[in-house]
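Next up: the structures, one after another.
Shared between the two complexes below is chain A, which pairs with chain B and chain C, respectively.
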Partner chain A sequence: MKRLTEEKTKLVLEKLTNIGTNVKLLLDRPDGVYCFRERKGRVYYVSEKILSLASVVNPDKLASIGTCFGKFTKSGKFRLHITALYHLAPYAQHKIWVKPSAEQQFIYGHHISKSGLSRITENTPQYQGVVIFSTNNIPLGFGVTAKSTMDCKYADPMATICFHQADVGEYIRSEDSLI
Partner chain B sequence: MSDNEDVMRGEQQKIKKKKLLNNDTKDEIDNYNDIEEYEQNGKIDNEEMNQNEDTDSSDNDVDLLPIEKANKKLRKKQEEEQKLAEEEMHEMTLQQSVFTFPTEKELAEVTNLKDVQQRIKDVIMVLSDFKKLRDVNRSRSEYMDLLRSDLCTYYSYNNFLMEKLMQIFPLDELLEFLEASEVQRPMTIRTNTLKTRRRDLAEALINRGVNLDPIGKWTKIGLVIYSSQVPMGATPEYLAGHYILQGASSFLPVMALDPKENEKILDMCAAPGGKSSHIASLMKNTGVIFSNDVNEERIKAVVGNFHRLGIVNSIVCTYDGRKLPSVSINDTYMNILNVIKSFDRVLLDAPCTGTGVVSKDPSVKTNKDEVDIQRCCTLQKELLLAAIDCVNARSESGGIIVYSTCSILPEENEWVVDHALKKRDVKLIPTGLEFGAEGFTSYRQYRFHPSLKLTKRFYPHVHNMDGFFVAKLKKFSNIIHKNKDAEEETLIIDNF
Partner chain C sequence: MDVVNSILQNDIQKKNTHKSTVVNKDTEIETDLGTLLALDYNALNLKALKYKASSIIFILKSQPEEYLRSLTRDNVQILINKIWELPVERVDEVIVAKLPKQEFILPRARQIPKARPLTKWQQFAKEKGIKRKNKPKVKWDEELQKWIPTFGYKRNKAIKQKKWLIEINNKSKAAENPIADAKAAKEERKSKNELQRLRNIAKAKNIKIPKVGLPTKEHFADSQQLSQAMTIARASTASLGKFQNRLPKEKDAKGIAKQVPGMKRKAEEVPRNLQEEKKRNTNLADNVLKSNTKILREDFSVPK
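And then the complex of A and B:
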């Protein structure tokens, strides 16, 4: 369990703000101070109270603590994992809602096409990180818009309007590599 | 005396019958006369004819009124019927008691299962009224052996496990248990109260074509699934962490543990994380839950489930449960006062032989042996002592240990708890579960502590959930080896 270096902190924060998260809200919470810690290339988001208790556990024997937000890839980039969704979805500024018929497709790892689009936040620019919701407001995953809200209006029904990044289906598809 | 009376009665009846027979012949003659009269008179109303008949018969049989005569006739008929029925009954019992012990040759021959089933029924009947129905040359143990081997063939258990089960259950209950173990329990799910409510979840699932119902009055978060058009483990609600697939019996130990908010709780054998996540949701993500499991492969499921269900107060680790109390001693450079030994509550869902979940994993029927059970129960004893050592008796709200297994063998349950009662300063307290059978206080040659009736047992054939055992202990002091010292003292006294 080590603190993130400044460069890495920057990478993580950049990613989070791209989704629209106010990181300050994530760290100073009413129930205590939370922090980011790195372990084996994974970034964990955890309360400081729990962190101090976890220090008694031998690092070899520790499997997970708090919530895993993502990992640093071999090329040095930060990748958000689906496990961060629970914390990021409430803060998302740009959202996409998919139709029930397209729900299944998205959680199987496909991009979202115009025909599956139900709603989209207004004034979403192109290549903006978004959180995907089902019509009854269950968060389903992360994506990046392929078209801005304006362009979506005139897009072809089969045209991709949002690229898939992570979805809740990964809990089943890749349980082993999740953490 | 009674025999004599019977004989007397029989003779009386015979005399009566003779009389009746005479009457009958008279009647026939009467009738004959009537017809002659009728023919002679030419035209007579029916009523008149009846009157004629009555007067005629009264003429012939002065002692009896007509209605009495009819009554006698009827009684005779009834008696005959009764006699026949009795004979039939007698024959039946004769046939049943005629159940002959199969010869060795018959036993060696592979018969079809129906014959075996019939024989099981017959033997159980013989055993239920052994004095009357037994074959005089055969002992009870021979019948029991036959029954056991037949049950083994019919339900495909191995001899050892069947013997154990026969020692636990009376015969009729045994059959029920075996039958219930053949069928799957209904699929049940637990609502994740951190993310949704049961009513909302039920509504969402019904919209997906799932047929469901609440499990029962004893829990507010469980649903039982009768049928579903979609796979229950892959709906968007499941992936979003609104529920988890969990057996009804798995609710019980957590309900007995009764975790409170802001406590420090340890789950020693957590994988795959169902009970752990239940604890976390009861704590509403406050305090901290240590989820431990020795198996690194299975711990991945715990981590996955926790993230899916949105549990943030967890520390997941992979220690050997038996070594947990000594963790902080080994890592002395950590300046923390025995974190591991200061838990408010500990749940130990111990690894077991799984004799309660035969319907889930039928391989249990054949691959368990004396050695396996011994190994299991030694491990369980060590784990339970370790669990007790992890609890802080001075905790204000807790000091609670819950021990549970999915086995029904007393060796893995009552015996283990009894052992812990002797070794540590703990006492059993009521589990707080409304239903379930009481634990055994005596089993064959073993005599357990009387407070073991506070533990709870659950059976597939009674409660329609997996076989389960739950015991709730409260720790009263942190002193260890109290009893050991006492034993040594007594030894010393003996030597003097």
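And then the complex of A and C:
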């Protein structure tokens, strides 16, 4: 378990703030101190209490602690994992709601087309990190808008509105690599 | 008598196969005797200029040819008539007329040549008003008691005669070879001149050449860049700058430890406890939110 270096923390925070500026609240919580830890390229979001408990375990044997937020790719970029959804969904500034018919498509790892779009937050710019919700407000995953809200109006039904980044289907599809 | 006269005239006309020297034109022909030029502004007979089907076979005697020939003859006749009006004299059984000065201004066939761009020295001399003095070709030399050319043929020989021996006044310079020194100095001057010549050519033809001498503002926008360049340059020797001297108070540039071999990176400060780490992380988050360089965000306000 390593502390994240300043550079790497910056990368992680840049990705998180792309979803919502309020993500800062994740660091400044009233219910205790939370921090980021890195192991084998994965970044974990851990509370102080769990961290002290984990220090007892031999680090070689430790599989995972806290919540895995994502991993650093080989090229040094940070990629969000679906496991971070629970913590990030409440802070999302820009949201996309998906029609029930398109939910399954998204959960299978496809992009969201205009036909599957139910609602979208006003004034969402292009290439903005967003959280995808079902119509009854259950978070489904992360995405990046391919078109801004204004452009969505005039897009044709098959045009991609949002690029897929992570979805809850990954809990089953890539069970072993998530942790 | 009338009959006789008419017969005689007929006879003359028969003998005189040449056309008359009087030519009638609708508009006067403009002539310039100085250049032996005649300008005919009369309209051409376009019908006569067209080839007819029957006349193609005898091209030489075709109608347009005939027409042009007669037109030219008439115009030349007028020109020659005008020449006859000039004062004429006889030189060795040849009649000669002196042509007046040319009036017609011929348009120039080629472009007017552009002024050659000034060399750096010429530019300077022009600004300062320095004028070239003509040196005499030969000078009287007291030592040799003869005229020595200031340049060129026989100059070098005279100099050699004059400077066959060079005194050394300074004892400290005794070990040096003054003749070799002079030779080297001359070579230096020659190559400097060559460099200047080439630079003038490059300037005239607008060719960019690498700059020499001390770096200017064009090279480095600010002092930080300059110090970075200096740090890198120092480390760019075979021994990674180990034997390079430093200026007093000279420091290495910051933030380029990665590029410069042998330069030690400052170790990152490790937070001592979780509280400190939390503080660092929140600060970082603030910085990330402030800098909108990496993330596209239209509607964002920095929470404070």
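Here is the rule we use: the second predicted complex is superposed on the first by the 177 of 179 C-alpha atoms of A that agree within 3 Å, B and C clash if a C-alpha of one lies under 4 Å from a C-alpha of the other, contacts with A are read in each partner's own complex, and residues count from 1 in each chain.
Keep in mind that, in the parts below, contacts are C-beta pairs under 8 Å (C-beta built on N, C-alpha and C of every residue); 3 or more make two chains touch, one makes a residue touch a chain.
Just so we're clear, the structure is a prediction, and the values are computed from it rather than from any experiment.
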| item | value |
| --- | --- |
| Fit-or-clash call for chain B and chain C when the two complexes are aligned on chain A | fit |
| Touched partner set for A:1, first chain B, second chain C, both or neither | neither |
| Which superposed partner A:155 touches (first chain B, second chain C, both, neither) | neither |
| Chain B versus chain C as contact partner of A:48, first or second or both or neither | second |
| Touching partner for A:56 - first (chain B), second (chain C), both, neither | first |
| Angle at chain A between chain B and chain C, C-alpha centres, nearest 10 degrees | 160 |
| Chain touching more of chain A, residue-wise (chain B, chain C) | B |
| Which of chain B and chain C A:176 touches, first, second, both or neither | first |
| Which of chain B and chain C A:139 touches, first, second, both or neither | first |
| Superposition-derived minimum Cα distance between chain C and chain B (Å) | 16 |
| Intersection of chain A interface sets (partners chain B, chain C) | none |
| Interface residues, chain A side, partner chain B - complex | 31, 45-47, 49-50, 52-58, 61-68, 83, 86, 103, 107, 134, 136, 138-140, 168-169, 171-172, 175-176, 178-179 |
| Of all residues in chain A, those that touch chain C in their complex | 3, 5-6, 9-10, 13-14, 17-18, 21-24, 27-28, 33-36, 48, 51, 123, 125-128 |
| Contact set on chain C toward chain A in their complex | 268, 270-271, 274-275, 277-278, 280-282, 284-289, 294-301, 303 |
| In the complex, chain B residues that touch chain A | 204, 233-234, 236-237, 239-242, 264, 286, 288, 296, 299-304, 306-308, 310, 312-319, 327-328, 331, 334, 336, 339-340 |
